[in-house]
Amino acid sequence: MASSSVLDEIMAKKTLVVSTDANYAPQSFLNDKGELEGFDISVAKEVAKRLGVKVKFITPDWDLITAGKWGKRWDLSIGSMTPTAERKNALLFSLPYYSSPAQFAVHKNNTTIKTLNDLAGKTIGIASETTNERYLQKDLKIEDVNVVYQPWEAGELKNYPTDANHIEDLSLGDGLRLDAIFTSRQTLAEAIRSGCGKGCPIKMLGEPPYYEPLCFALDKSRANSDSFLEKLNEIVKEMNEDGTLVKLSEKFYGTNLIPKL
Amino acid sequence: MGIEVDGAPEQGIPEEADRVLRQIEGRRKKYRRNLLISFAVLITLLVTAMIVLKLDFSFMMKWLPFILAGSGYTFLVSVLAITLACILAVVGALGRMSSNPVFNAVATSYVSLIRGTPLLVQVYMWYLALPQIGKALEELGLHGVQAWLTLPAVPAGILALGVCYGAYMTETVRAGIQSIKIGQTEAAMALGMTRGQTMKRVIFPQALRVIIPPVSNEFIAMIKDSSLVSLMGVWELSYRAVKIGRRHFQSLEMLIMVALIYWLMCILLQFVQERIETHMARGDRRV
Amino acid sequence: MGIEVDGAPEQGIPEEADRVLRQIEGRRKKYRRNLLISFAVLITLLVTAMIVLKLDFSFMMKWLPFILAGSGYTFLVSVLAITLACILAVVGALGRMSSNPVFNAVATSYVSLIRGTPLLVQVYMWYLALPQIGKALEELGLHGVQAWLTLPAVPAGILALGVCYGAYMTETVRAGIQSIKIGQTEAAMALGMTRGQTMKRVIFPQALRVIIPPVSNEFIAMIKDSSLVSLMGVWELSYRAVKIGRRHFQSLEMLIMVALIYWLMCILLQFVQERIETHMARGDRRV
Amino acid sequence: MSVNISEKKGPVVQAKGIHKIFGNMNHVLRGLDLDVGKGETVVILGASGSGKSTLLRCINFLEAPTAGSIEVDGTLIRADAPANEREAKALEIRRKTGMCFQSFNLFPHMTVLENIIEGPRTVLKQNRKEAEEYADELLDWVGLTDKRGEYPSCLSGGQQQRVAIARSLAMKPKVMLFDEPTSALDPELVGEVVEVMERLAADGMTIIAVTHELHFARDVADRVMIMDGGNWVEEGTPEKIFNNPEQERTKRFLAHIL
Amino acid sequence: MSVNISEKKGPVVQAKGIHKIFGNMNHVLRGLDLDVGKGETVVILGASGSGKSTLLRCINFLEAPTAGSIEVDGTLIRADAPANEREAKALEIRRKTGMCFQSFNLFPHMTVLENIIEGPRTVLKQNRKEAEEYADELLDWVGLTDKRGEYPSCLSGGQQQRVAIARSLAMKPKVMLFDEPTSALDPELVGEVVEVMERLAADGMTIIAVTHELHFARDVADRVMIMDGGNWVEEGTPEKIFNNPEQERTKRFLAHIL
């Protein structure tokens, strides 16, 4: 019993328990019926289907997911997680299943900031402890990605619990609390599209400074996860090669964010 | 000087008194009317502020049923947690007043440690630390302990809230017990009751009267704190409101809505509390 | 029957009494010793639990200074907020007891609304909703209002905490004032004092004695709730701990550390509170 | 020290047709009159609940009468006067009236001296020196000079009541009202308080006292009045009331307490 | 109903060399002896703080004496006995002893009837019917049958004290201790309580009473004892104590209260 592998356990209970943080549209969010929906959700359902088991979602706080030591509450995180060096202390990562462009944005009324270089000395909002923050601190280490930093320094980095907070704060007015924000392009696109109720007054700025790969994560502290990780990598490869991922990307993001493996 | 002879007392109320009484009654009515007007004005102001904020009411109405569906969890967690808290509070209060040093030390440490640390941290400890302790114990040879100690979100939340509020309420219960006059204990002891009988039959029933109001307040506070279980992914009121708010970048609408729901729940509970207090007052001077 | 004649009373304490007194003293000492032992055992257990959890102590020690540096903000916010809360509580209590319907309605609504909604929501309201109200007012022609109403994180946090605790403390202050016996008011009125003088010179100084302990408790609670300002990005204790914990994926270590820091602060404050209470008791029966 | 030197003449307190109705038509005082002359000592007796305390409290407007009028040393208030006028006049009457309660009601957070100078300082705006000088005279007069700096909780009941009397006298009142000043005291302590009240009466103070101290009623009072159910039953000199009561109700009442 | 029929013989209460030292060497009782025979009525008098209450409370071990021994109806406890033995014996003594307090101390959350049957039900484990039957007899005896279902707060002080007496009697005690049972009462209500105490004495109950009701001491007591500073000053028949006190201190004390 103690030596049975994680994969065996999942197959035995015929259920894959997936954790996801329902904070981000269109990755993972509550749809108009109040049900979970999104790219990550669809991917997770597909993974379960290919494993031949049922899927069950659990929605703990992001911190609880990234802290590791899940104690078998869930088997797998499918939550658009970037495999940074520190996270590897607690988690195991699969092959990347898609990648995400990072993106700056400013208030619609802003006329002075035209290029990324105009951001020098400005107040920029970011979500705390995300790759975006690490990038602006020039301290981002991602496996297999060569990060090129901006030549300028921001005036002040304002930390927020999640991206929604700084998007709402920037919407209050140009330069009121923030001059610009920095997050993933999909999140910004969704904010502009869904429109904070009555037209979100923000616009994107410049080209993505970097693309980050996003992976499934497993609990490193759980013994005998190797076969499960291998199986997941196989599935990711299959889904990449047979076009499933591209189809989902286009459905949810409107573009193809799937890297060549 | 109007000495009256022994006999029928003057029953009539002079006209002047009548006028004064009507004045007093009139003033009371006017006061009540003004109070009502003031409340109405305040509520109008509140609604105006919401309109000034350009809140998206149709958005709020659309999501109301979905968010309200979370109140079941809110209630379940709160009711079970307050029950646990009451039990812990009574045991804790007895411990704090105990002359048994071990019992006393445990109760004192419990109160100090729990009251001294943020509830948020305690929630994490029940959820995260307990399974790790289980794992450590398993390594020491106790098989199956980890699974036992790996609590699902709802039980972990109930434990966290119950244990936390139990510590605060321990002091409430202790104060309630100590507020009963020493004469009551003496009368019971003089009848030959043991300490246990005295506590159970005489002191505690009276202390209950004193304890009920603060405990109801704690319950009302707990309803709001129960939102912390959303951290562990329980889809209660706050969780639903926050997620919908973020999804549509309309947090303000959702927060105001959930605040109003909590407020209504609190007003409702306060009403219930007042009924209970009236009922408990039956041994008092007749009204 | 040992009647003694009028004269020197028997001063000697019989040997038997001496034995009983020594017994009582011995029992007290033993109790105190056992209590200490129990506490020591409990603390040992706590430490053992931490070791069992395989906490990374060197990691904790490394970040301790950085995290402690946040306690300045924690204190600043708490002290200013409790000051604000005290002022609001006194005004609120007077309002709740006032016979002026407007004042009364405002105070009653304040208490009900604030106590009925989660602090978290209130924090957001001060931070997010206020600028939007400013924007709306600006559109109505009041220029420069929005900048005024766009509060930075720390003032918004102080306002949120102060206003919230003020509502809770209003009821504490009111209870304290109402606990002073009616005879005190009557004696002051009988001397010819006005209602204001009676309140200021006689009732309030006495109520203070009753109010100080719960207010200290509120202050201790506020120290912990002040972590909510971290939501707005103030680098206080919790913020630092959570951030470091997230970055290095050792949240548990950081949470336990920050809990211990809060606990120590609370124990310290409780000690100060006891000193103040002893000082306030000077008008009491001599000891 | 002589607290109040005056010739006995003219009423200081004049209550006319006092009615008091509490809350839901609880008719406690039923049209009482009371005239008290300068320097007179009146003792009011009556069963519990007959309305004695309520009458005293109506005299200094701690309780507003429902009908009737009160005049104390020239200040007149009618029950149906407008509220703000009544409030202002009530303050005036209270400054001319001292009152001692059954439960002393000293201010526990102030020392004995502070208790006594509180009224003169706060109400009469006297300076500290002036107030303290008179307070010291009064403390000497009630025999508590050595307790000057103590807190009330350190005093016996009898001492507390004597301080309460000094506190009232510090306002230089025209009338003193006593509401069962000795009934909360241990029997051995009653004497010291009654002794102070006697000296006060001897010094010419106008006194209205509700008390069960028969010795005081018999030996010190100029007039004894019996109340029952919010009406006067009988009044007269102590000799008449105690030795030859006319009314049946008076006899019944006296049988109970003698 | 006769509460207690007994011939007067042999001591029921025997206290020997009772010392009581509170906290930091506050020596309140200084080696007192007290023998009370069956059916005897003893009244203890003394100034406030002399230790009267403390002695009563030592007799039923509400306060543990520091030295000496107490024997009530055959149950003997020494002050230096082991704690658990003392605890058990104290319960036994308390069951044989009734006690009435100055402030009545009725249980406010129980009706009159419930107050009376509480002891028999909880301590003696009587069934409800048995307990209620005797309670009704007692209520009849103290004249409060019509208050059976009321809560204590609806009763006058005198009625409350009579219920308290009935509550004690429900345990069928061998001795009744009274600690100033009438001093919290209005003067008109004292009589009804004293009358019940007299009937109790007449029925042959053994009584130890601390009271300032001189009428009771003079007419009902078999023996009066004067206490001062934790010592007996003088004892004797009421006639001797009130008419021919020997000791200077007795005379001084009586002068105060007569």
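Letters are used for the chains, namely A, B, C, D and E, taken in the order the chains are written, and counting of residues starts over at 1 for each.
Assume a residue touches a chain if its C-beta (ideal position, glycine included) is under 8 Å from a C-beta of that chain, and two chains touch if they have at least 3 such contacts.
In this text, all values refer to a predicted model and were calculated from it rather than measured experimentally.
Trainee: Identify the chains in contact with subunit C as well as subunit D, in label order.
Mentor: B, E
Trainee: Go ahead and note the Å separation of the Cα centroids belonging to subunit B and subunit C.
Mentor: Here the centre of subunit C sits 18 Å away from the centre of subunit B.
Trainee: Roughly how far is subunit B from subunit E, going centre to centre by Cα mean, in whole Å?
Mentor: Distance between chain centres: 44 Å.
Trainee: What's the distance between the Cα centroids of subunit A and subunit D, rounded to whole Å?
Mentor: Roughly 83 Å, centre to centre.
Trainee: Go ahead and note the Å separation of the Cα centroids belonging to subunit A and subunit E.
Mentor: Between these chains, centre-to-centre, one finds 82 Å.
Trainee: If I count partner chains per residue in subunit C, which residues reach a count of at least 2?
Mentor: 128, 132, 251-252
Trainee: Going by the touch rule set out above, which residues of subunit A reach two or more other chains?
Mentor: If we look for residues of subunit A contacting two or more partner chains, we find 67, 69, 168.
Trainee: If you go through all the chains, which pairs of them touch?
Mentor: A-B, A-C, B-C, B-D, B-E, C-D, C-E, D-E
Trainee: Please name which positions on subunit C make contact with subunit D in the complex.
Mentor: Contacts found on subunit C: 181, 183-184, 186-194, 197, 201-202, 205-206, 209, 282-286.
Trainee: Within the complex, which stretch of subunit B touches subunit D?
Mentor: Residue positions touching the partner: 1-6, 9-11, 13-14, 16-17, 19-21, 23, 27.
Trainee: Over in the complex, which subunit E residues touch subunit D? Could you list them?
Mentor: Within the complex, subunit E contacts subunit D at residues 47-48, 186-189, 191, 212, 253, 256-257.
Trainee: Report the residues of subunit E in contact with subunit C in the complex, numbered from low to high.
Mentor: Residues in contact with subunit C: 17, 19, 21, 27, 30-35, 66-68, 79-80, 229-235, 247-249.
Trainee: Taking the touch rule as given, give the residues of subunit A at its contact with subunit C in the complex, in rising order.
Mentor: Within the complex, subunit A touches subunit C at residues 63, 66-69, 86-87, 89-91, 128-129, 158-161, 168-169, 172-173, 176-177.
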